[in-house]
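One chain, subunit A, appears in both complexes that follow, with subunit B as partner in the first and subunit C in the second.
Showing the complex of A and B:
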């Protein structure tokens, strides 16, 4: 981790996770810009002084991502490079009235002038838990950093009621703890709109976590994509634990597209059982739902997954049964229910007891 | 040239024609008479003229300015300064030395002593080629001092047996920075000496960073290396950078326009670095394709594919809208394909950045 104490746009100290070598440096972090500040207004480009000991003083062009505070968090990608020990980011004024601006740097910085031979870059095709499928898929795992470029054929969408979610990237090293800019602009747009819809995800412990605005339309979904570099050796998973939590309806928050009538959730005991009783109404529950609880249990880990059965109705069909997966997001402090077969029910009930996979190893249902 | 004593030349001393004889260690040694090369580069002329001018300017200093120079000289008496090595450093020779160096890199003379003078960085580089086709230093590290400029002195080719010819070096150029570690000296060498590099002949180079404001130099690097037919000092065959430049690229068909394209592969495990602006002028396909000149060796880029951030301009449907652009150069027809793969493809777009390149 490096801390940059000086910049020319009036921001406080900025922290980046870092990996440094002679020919490649990786920076990962984000910061907020107050567009009303005099320093920002006066700046022609955004400059952040890197620590004197930072290995690379000059780099070729790289990227940063600007996300405004507009209704649909529109923004764009910016040029970014290291020049004379400064991290320099292009300034575009089009969202200055929609501040504060979030700038995400999740990029690699390299030098040119290579006269040697080249070797092929090994990569994996990432696979995901329920909710994400990739059409173009590159995951490069090095000893000290990871790189991914993933275009999604399936991605959580606000249309489907997604609020907070955490989805496993099976091949992602668990020691990555990084911010990831995500393009959420699918096929729908307004001609002349300024910038695309963007968001920030967090990858932690092998899970991609994000919070979509449930009230938005067409946010996320197919064609969402993310490209990022991130250093490794940043995240230490918490020690597994067991406990018990009972959630009453008053303690939970979920999308307005979802109405929760009742929740009773008990997770974990010495045998690793969990039980859930829940009733909720959704326009369409084909993808699932999620909710945050007032006090997230400190032992509830990403890896705790509990398969349950649900029963519901959809217009003329009644008693439709679907396998669901209950999962936990440490980052979002949320609990999600994911419909494994994307079947449709509106009034849905869950009343099941099951094993929690992180406490007692079980095979996932899928 | 040396000769053994002979009856004819014993006790011979003095010069006859181009030969000079002298006695040393009881033997007579003959030397060929040195011939002045009469090579005087424009930079040399300029430097010799400015040296006299600078010396005269010292007399114009006010008493206060002289004191400041004197204090600076005292503070740096222990350090080696160009032109003053081994000599007690006085206000005068420090004034002349620093201002002569400033004039060398085109900075006007200063009457005021600089507040401080920073030590210059040592020269560090990876390899050097001196061949008939190129004089190239690669992997040259920039100086830490942002005000430093690189000065290169070089000799013309010398006989293979010559071990010292530093006095024959002349300044062939000074440089603010290198081209990502590459310093191509062939053109400035040829301009300075008007002759080609000859394999087998020995070349002497002197390099140093100079602080362009203070004119201070504290470290010099000397390189003596015989030219080869093609190999570097480390025995490496020269591999050109995997690089495509804007003037080597055009639109690949009637609906594709190349506006600019700078493309390079960096590092051993392929990293693609590029900055490309292109336009689809007609049609509905989510992509454009560009054509590189036949002179570009696209085999260096084979199996290179990167998925990149791209953005539109003000004239596109979504102003500055982003999409994922797949960029893959191909030796098949020397093309660079750019295709939208996620998000909304924009007709007029740019893609840029640093990405891991894979198959």
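Showing the complex of A and C:
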């Protein structure tokens, strides 16, 4: 981790996770810009002074991502490079009236004008837990950093009220703890639209977590994509704690698109017994639903996944059964119920006992 | 095995496989309900009374399966089941009442109040699955196969599962305990228009084999169970389940 104490746009100290070598440096972090600040207004480009010991003094061009506070958080990519010990980011004033601006740096910086040998880098195809499928997929895992470029054929969307979520990236090293800009531009661009709909995800412990704006439409879904560099050796899993999970209706907050009539969830015992009793209504539950809990129990881990059965109705199809996966998001402090067969139900009931289990993925579902 | 001493819906004595402990009670077996029976019609909920109290006096709710056959169609759903002292209480769901006989299948785990512990996911033993011969194929999507000394929980979601209509289809499955013997519904993502609930097949699992009779007429071409899944608890040992 490096801390950059000086910049020319009036921001406090900025921290980046870092990986440094002679030929490649990786920075990962984000910061907020107050566009009303006098320093920002006076700046021609954004300059962040890197620590004196930073290994690379001058780099080829890379990217940062600007996310405005505008409706649907529109934004775009910015030029970004290291120059004379400064991290220099293009100033793009289009969204200055819609601050504060979030700038995400999740980039790799290479030596400017490299003349040596180029070698091909091995990459993997990432696979995911329920909710994400990739149509274009490259994951590079090195000893000290990762790079991913993933375009999704399936990605959670805000359409049906699936707000906070955490989804496993099976091949992602668990020591990554990175911010990741995500393009959520799933629909077509509207006439006159400037920029793409963007959001910030967090990858930690091998899970990608986000909280979509449940009130938005067409945010996320198919064609969402993310491209990022991130250093490794950052995420330290929480020390397991002794406890039990008990959640009831009054403890939760859910999107307006989902009406939760009742929730009773209890998980305990060393064997990980879980019982869930729940009733909720959605326009379409084919994706799933999620809710945040006020006091998230420390010992509710990403890995605590539990299969349960649900019963639901959709027009003339009544009392239909579906397998649901109950999962926890440490980052979002939320619990999700994911419909594993994407069946559609408006009124859904769960009353099942199960075990938090190691659910083994074997093949893509469909 | 436990055998009921009474029930409120006019059924004969009911015998179930039972694992009874302070932490979990697992009940496994099936019974037939005659929905034309006057006792059944008068009942608000189905109550089965056993001679002794279960170790868990009042359990959390869990699922039992209700399966109905109408002509060539088989549909099923889940109903709520709970233990209350000596009784097994089952939700009465009247959706199949016009169909005469329905089957209630218990493959259920019952737990009490959650107690504090170091929570860790139960590990899954590896499974594989294949058609008995090349006429049918299977592809597993995901599974959880939690095997304990005297009971277990199994969850399976298939990516693809083909079958031949009108005949018994047999598949090999490895990784389940050799003493597992159970009849459970395999649900699919779809309904039969004729009756509520999910389209399902009734599968028998024993000796590393899953068998079920494929929906349709013998001689028809190969068909697929769409997004088929099953989830159940089972009692290990006591393999004389065929007696009831």
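Here, the second predicted complex is superposed on the first by the 348 of 366 C-alpha atoms of A that agree within 3 Å, B and C clash if a C-alpha of one lies under 4 Å from a C-alpha of the other, contacts with A are read in each partner's own complex, and residues count from 1 in each chain.
Just so we're on the same page, a contact is a pair of C-beta atoms (placed from the backbone, for glycine too) under 8 Å apart; a residue touches a chain by one contact, two chains touch by 3 or more.
Not measured: the values here are computed from a predicted model.
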{"item": "First, second, both or neither for A:13, with subunit B first and subunit C second", "value": "neither"}
{"item": "Touching partner for A:183 - first (subunit B), second (subunit C), both, neither", "value": "first"}
{"item": "Touched partner set for A:51, first subunit B, second subunit C, both or neither", "value": "neither"}
{"item": "Which of subunit B and subunit C A:111 touches, first, second, both or neither", "value": "first"}
{"item": "Footprint overlap on subunit A, comparing subunit B with subunit C", "value": "none"}
{"item": "Residues of subunit A that touch subunit C when the two form their complex", "value": "240-246, 266-273, 275, 277, 299-301, 303-305, 307-309, 311, 316-323, 340-343, 351-366"}
{"item": "Residue numbers on subunit C that touch subunit A, as the complex places them", "value": "23-24, 59-63, 76-78, 80, 93, 95, 108-111, 113-124, 126, 139-146, 148, 153, 155, 157, 159, 187, 189, 191, 193, 196-198, 200, 227, 229, 231, 233"}
{"item": "Footprint of subunit B on subunit A - complex, ascending", "value": "23-24, 57-63, 65, 76-77, 79, 84, 92, 94, 107-121, 123, 135-136, 138, 140, 147, 149, 151-152, 183, 185-187, 189, 191-196, 198, 223-225, 227"}
{"item": "Of subunit B, residues touching subunit A in the complex", "value": "127, 138-139, 142, 144, 146, 178-182, 236, 238-243, 264-271, 273, 275, 300, 303, 306-311, 317-324, 326, 341-344, 352-359"}
